[in-house]
Amino acid sequence: MSTLDSSQTKQQLERATTIFEKGAPGRRAFRAPDLDVPPVEGLIPPASRRAAPPRLPEASEPEIVRHYVNLSKRNFDLDSGFYPLGSCTMKHNPRLHERVAALPGHARMHPLQDPRRAQGALELMYGLQESLAEIAGLPHVSLQPSAGSHGELAGVLLTRAYHADRGEQRTKVLTPDSAHGTNPATVTMAGYEVVKVALDGAGGVDVDDLRAKAGTDVACLMLTNPSTLGIFDPNIEEIASIVHGVGATLYYDGANLNAIMGYSRPGDMGFDIVHFNLHKTFTQPHGGGGPGAGPIAVSDRIEPFLPRPQVVRRAPAVNGGRPTPPVFELDDDRPKSIGKLRGFQGNYGVFVRTYAYIRSLGAEGLQDVSEVSVLNANYLLARLREKVGDRLPLAFGERCMHEFVLSGAPMKKELGIRTLDLAKRLLDHGFHPPTVYFPLVVEEALLIEPTETETRETLDGFADAIAAIVAEAAEDPEIARNAPYTTPVRRLDEAGAAKRPRVRQTL
Amino acid sequence: MAGYTAVTAEDLAIMLETIGVGSIEELFHDAIPAGVRLGRPMDLPAGEPEQAVYAELRRLAERNVSAEDEITFLGAGMYDHYVPSIVDMLMSRSEFLTPYTPYQPEVSQGGLQVMFEYQTAICELTGLPVSNASVYEGPSAVGAAAYMAKLANRRPRVLVSRGVHPHSRATLDTLAVGYGTEVVEIGLDDGVTDLDALREALSDDVGAVILQQPNFLGAIEDVQAFSDAAHEHGALVICAADPLTLGVLEAPGNQGADLVVGEGQSLGNRLDFGGPSFGFFAATEKYIRSMPGRIAGETTDVDGRRGFVLTLQTREQHIRREKATSNICTSQALNALGGVVYLSWLGRQGIVELGELMLQRTHYAREQLAALDGVAKLHDRPVVREFALRLDADVDAVLERCAADGVNAGFALGREYDEFGDGLLVAITELRSRADIDRLVEVLGAAVAAERSAPRAEVVR
Amino acid sequence: MSTLDSSQTKQQLERATTIFEKGAPGRRAFRAPDLDVPPVEGLIPPASRRAAPPRLPEASEPEIVRHYVNLSKRNFDLDSGFYPLGSCTMKHNPRLHERVAALPGHARMHPLQDPRRAQGALELMYGLQESLAEIAGLPHVSLQPSAGSHGELAGVLLTRAYHADRGEQRTKVLTPDSAHGTNPATVTMAGYEVVKVALDGAGGVDVDDLRAKAGTDVACLMLTNPSTLGIFDPNIEEIASIVHGVGATLYYDGANLNAIMGYSRPGDMGFDIVHFNLHKTFTQPHGGGGPGAGPIAVSDRIEPFLPRPQVVRRAPAVNGGRPTPPVFELDDDRPKSIGKLRGFQGNYGVFVRTYAYIRSLGAEGLQDVSEVSVLNANYLLARLREKVGDRLPLAFGERCMHEFVLSGAPMKKELGIRTLDLAKRLLDHGFHPPTVYFPLVVEEALLIEPTETETRETLDGFADAIAAIVAEAAEDPEIARNAPYTTPVRRLDEAGAAKRPRVRQTL
Amino acid sequence: MAGYTAVTAEDLAIMLETIGVGSIEELFHDAIPAGVRLGRPMDLPAGEPEQAVYAELRRLAERNVSAEDEITFLGAGMYDHYVPSIVDMLMSRSEFLTPYTPYQPEVSQGGLQVMFEYQTAICELTGLPVSNASVYEGPSAVGAAAYMAKLANRRPRVLVSRGVHPHSRATLDTLAVGYGTEVVEIGLDDGVTDLDALREALSDDVGAVILQQPNFLGAIEDVQAFSDAAHEHGALVICAADPLTLGVLEAPGNQGADLVVGEGQSLGNRLDFGGPSFGFFAATEKYIRSMPGRIAGETTDVDGRRGFVLTLQTREQHIRREKATSNICTSQALNALGGVVYLSWLGRQGIVELGELMLQRTHYAREQLAALDGVAKLHDRPVVREFALRLDADVDAVLERCAADGVNAGFALGREYDEFGDGLLVAITELRSRADIDRLVEVLGAAVAAERSAPRAEVVR
């Protein structure tokens, strides 16, 4: 048997060409509407007038479509396969949400429309605020932040405003070693100093270390719970009381809320502020890196400082005996507000999807989400322990919440392949690898989050693939070390890319 | 209840046995201390089948008056442009819609190359050599730019033109409190930034100056003059720009701007009541390692094939943590895809033609409206796609009358500018034909006339 | 370098499994709305009640999505590559058309809605009728037929009605050898006898043979023009006059209208009936085998027999001085009509797309379509003659209209590979092959139709691929004979499939 | 002008030179005789940009009152069901939307497997072992079935129940003229086919008998009795069925039907003002080589991999030409995909639950409506999802009154049945809630009352 080139796939044989390299001078897709007003020359002063057209692509519509459709085929995606990227909650993205978000009454709605003519949008946002408040166990919600890290920033700025309002100047924010990188980065951007809290032997916060570091110069503790180790901190109540004891706020990184809906709530744990990742827990598709939304829910003491505007409901007026429907307004008159974190009212299109999701599932459905996400994670963990437990042991404890961390250290030592190699080899098996080398506290970490929308068959298939790779490496580690083989491109020179960055095409 | 889970009774039995527990509850009770367990069902409406959720979202959509329902001249930062069908089609392809940030480049070449193409297009539009792959949106991009300036030169103060979008200024204020930068506003003079005031406020303490092109009142700013003044003091020039005007307006990067940022919605993104869209962020070469956000770079694979990766990641939070140049993680990749597909569709000539069409129609609308009794130009500066008027009548009342006639006449400047309580900001896009403009002239003229002749009513809340 | 299995692609390694083989008992996607009326037992008599649920799939929504998304990736499609399938007009399918067809006012419109509340639909259909009449040069249009072959059937039944109305009983229909299979099949279904007309040496109708066969027992001549050889019959006027001379009707198979819009019209050539393939000339996506639509345009003498209902416009009434807008109606009162060819008013969703296309392009744009389709075909022909003209000669003449036929006979003889082998090897090059072994009059035929929406670069690439395959075959014909290699499956056992047909899954 | 061509000036020059002509016109003038050249531009409206075409199609859409705009009980062959979002998403994937009929199976496994799955689902629903991959739609499927009967047994006559959809009967009449079959109608008796009349009309000249389940008046037919009678004379039994009722109704294939055909719209296809949808066509094993249309079959490739092909192609026009079993070529593959995706979504239990829901709501609606003054059941037979009433008032006038109240009360049977000039056919789907039904009861009751009390006006045209 002979092929075009037996060692390469069709995609591998095609040299990547950009849209700028396609087309030809004079080609076009767009046709402008006719000029229907009398033309006037010189409307732009010469110094401000662009001399030559920007060198955008020149291509026909069919060329553009084909270019991007073919590019799309060079992506792995959730609608095609298992994507157990830990901490990212790669759950099914219902297409209903895309349908309703595309309704012109939502999609073609101007953000500055008079609120009296935007009652549907405001009602939706208000309803979503209420639902998120209930899920978080915290009474007040701002939908404004654009993503998780933006929510974190909001949270730390709220903390600052809270302390300032009380006349206090605090300088430190505590966060454990297992925290996501956005936590410390946020702290810096908000002008605080990061102080790390150690973990105890079970992967939870080291309560003694916390107690030692929790002074009156501490503004806030940022905690992810369940942590990025997939562990619900057993000392959560004590932690909260220590932090409260020094007058600091408690920030809850809600990236992992998928594990606990209906079972436990940040507010009930004593937290002041929590962010939601609507693009994780609430099915907003990730889009290859956004959009998302990072609403926050807060306690009463934080509420006065929430960003503006807030969506509020005015009590239905009684109009000649007949009650009129409630009226929703944008309240910009918030004297203690930290202000605005972005333009307009937030990523409304994401709110539409989340609202639809919460309405589809209801309380029972959301609880089912958490139950199955934890069930699936524990099942996959059990399968992996059974098959490769010696080479890829669980980093802490015996069980997990919705995700878990394996350590690739024994595998590296005994078989000579790293977690990275395992990950790359998984690509040849048609699986997206887990998150790797995070959290930092585990050597050669693999953070695996199956989510609730996967079937048992898929989890079994994934466990089998991991086992096969480990077995293969025992025979011949070179195979994994040079993987992947079947992807559109193979291992890429990342160091070279960073050294002499080519971040745009030379036109 | 509707749901997307798949555990059958048989699955459950097998899974529990494999795990070694008797029930799902056990997993939770073992892990969650009793004191913080909820112990009751959440108080949310019951789940509904797909058809009912669709009906509910349609009900809400119909309580909105969208740009599909009226002739709208509302702009002020987001614009009702035509979104070509191929943008929707490509943005909704599973392969673009559902992946995560491209952490595994071997299976993410599609998304990575899109970022690279997007960066190329943004560089070309802005006249700068470096672009990231997107930030959240316009106003926070301004805040992020000021933070970058802070990291770059550690100076304590930024100057911001009052012609910058009020939301951008508000966002800057909020964020600057965090990173400890003082924000000083530079006023307007007849529609554009007061250059004298700027020069006066400049000093070697100023880390950056920020302007917007065209500014919030629609006027074309003299970016070059602005840059020259700022650079004399070693301050960075941050220019927020409307990218769709950059087919006819000189690229701010060619006029001295060090950073060009802005709101990308006008590039093929929906209005969506304000988001999601994307922010763009471009810089001179010097700042490539100080940029926030993802950046795609070109490289090769082990076999020498061309490929793309996320590059310069040592700037980023997941590597550098508290030393990162920004905390941004998830940004707006899909929206940026929409942007580059739109720009490809528009093309090299198209962006000029579209700009020219807006320019001409805007001029026409401005002249026709300013000729109405009780209506005057708020300023006389050259504009591209938006302009400000003064009304000799209560603006809100006039807007209300126009709305009753199916026309949204624009943005009441008094909502953001106390000094322009009589101001109206009118935006034009390729979707507003001459007939639409003539209709606005008719309706607005009548509304102003009616308000001027009506006895001024008490304002009732 | 080692891969999972170096000789097979990932898709080749996956065994095809059907949706019936996925899922598990009890899984589901659909949730029924609650029963909101008092339940009553026994509403269906026991004998009519289904005893056991039909064994439909039991799968979750994510499983279904993944199954079909992955299946889709086992298709070649026009949005991904060149598809020069002759006679099929695989031109770009604008997405605008999908957008407008999905507007609820079109898509969720019941066909039996009172015409007074369906004025938009009827106006659209009327407008489309008018446009198609102008394009065809024939005054009356019925949109009803569902595809080309359905249009043919309509046409032959109209012919029958026409002759019957004149008291004539004719028995034969003439059609040339190069005709598409639907032509003779239609003739049989409509109760006529097929009489073949020979071709002359230039690929046109042999006028002498036609004259010999055209007797008063001939009901109709069915002709494709340009023919499936890509040739505009130079004797078209004489042909028409011969057929008219014996009182027969002239049917024009309009599958190839893409070649002549704005240049020549069937009506002006003397034809009575023409069908359009809206899924060819007018961009309705082919959908992997439909839907399409096959409207017909007819001459005055055929008009009385058109199917019912017809969309008609009632002259605007003058209402107290102010003219009211025109009113569109469905006219069912057509006493001589052949009746109905299908339910309701035809494939309206296809009409919406066609209407949008015609409005987008206008007269000038449609003429441009024909110009570029002919230009592209002749350019590709020239490139191929230059490269492989000796092995794959043009079957007839020197130039072509929008498509052309090469003969693989010399290639077969000299290189030992058949047209089929060439076609299969093209798959490895990422191109869809042309139509093969049709028309039947050319030995080892390749019928190539590039369409107007392809770029010169694509045509060049295709010519290069053909040349490479021919050159490769000169070296080693086995390569092509065993192609393809890179497709999800390789050559399939079609004979076996037909011998012991498995046309459904055993459940 | 808008267009999708890509020939630049440079392309044109190169291409003309390569071809060896001086202009494009030359290509046409060389080929097309002068006498049949048009010689003038076509008289069509000028081309428009995408945004204008979108606006025009929206204008037309808004001149329609769709099922989105009123509460509709219109059925009579097409039904307003909820189309799940995954159906739209999958039908609009390029890979399913844009290929041709799968002539090259190696690169068409997706489409071919979908056909195979579809055939499996149709077989299971109908209770027959063979299905093709789709025909155009319902009524022409009935015509095609009668043609197949003709090919199978060459008998000169078919009997068709008056309970079969009027469009199916009309289509049958039209097509039967072509293939020379006499069509004889069998009347109804209290809502269902008159079995005595059927038995009387049967003879060994009858090639097929045709009925519909449920019939046009919504009534459940006794398919078994029908089959038994027909088979006594060796006639084929053709049953047109509503596939969405086959979760609760016995499969006609289990009741003796030889062919089960019908309209597939209710399976996940839009109303689309009547099309495109799909027709299904299933048969007993015996007729596998007489079927019209494409059929996918399972096979293996040279390496032994499972695969699918178009099979039994010797039935088809492209191979057998005038001897083909049908002339059908392009059919409704994409719509059939929608059908099988819908059936997968509905699932084994779901199709029963949905059927049961319709059954119960239909019963409720029928009883509530029949209890109104001036309203009575047209027949008393069991029904599933549609039923017929008699109004003691002018039906058109009543419908008009209901429409004014935002309710489309159903189909006036007088449009198709002279004997039921007072008849109204009411359809129920899962989208019509009890509240909707109650609203219909209210509105229809009022309309009938108003018409009965109003002096009967002259009918004005």
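A, B, C and D are the chain letters, set down in written order, and residue numbers restart from 1 in every chain.
In this section, a residue touches a chain if its C-beta (ideal position, glycine included) is under 8 Å from a C-beta of that chain, and two chains touch if they have at least 3 such contacts.
Note that the structure is a prediction, hence the values are computed from the model and not measured.
Ranking A-B and B-C by contacting C-beta pairs places A-B first.
Taking each chain's centre as the mean of its C-alpha atoms, chain A lies 20 Å from chain B. Centroids built from CA atoms put chain C at 45 Å from chain B. For the pair chain A and chain C, the distance between C-alpha centroids works out to 46 Å.
With touch defined as above, residues shared between interfaces to two or more other chains in chain C number as follows: 24, 27, 30, 32-33, 59-63, 65, 69, 73, 79-80, 92, 94-96, 98-99, 453-456, 482. Taken residue by residue, chain B touches two or more other chains at 1-6, 11, 47, 49-52, 54, 58, 68, 84-86, 88-89, 92-94, 430, whereas all remaining positions touch fewer. Viewed as a contact network, the protein chains are fully connected, with every chain touching every other.
Contact residues on chain A toward chain C in their complex (touch as defined above): 1-4, 6-7, 9-10, 14, 23-24, 27, 60-63, 65-66, 69-70, 73, 79-81, 92, 94-95, 428-430, 453-457, 476, 478-479, 482, 485-486. Remark: chain A residues 23-27, 30-33, 59-63, 65, 69, 94-96, 98-99 touch chain D in the complex.
Listed in rising order, the residues of chain B touching chain D in the complex are 50-51, 54, 58, 68, 82, 84-85, 89, 92-94, 430-431. The part of chain B that touches chain C in the complex is made up of residues 1-6, 8-11, 47, 49-52, 84-86, 88-89, 94.
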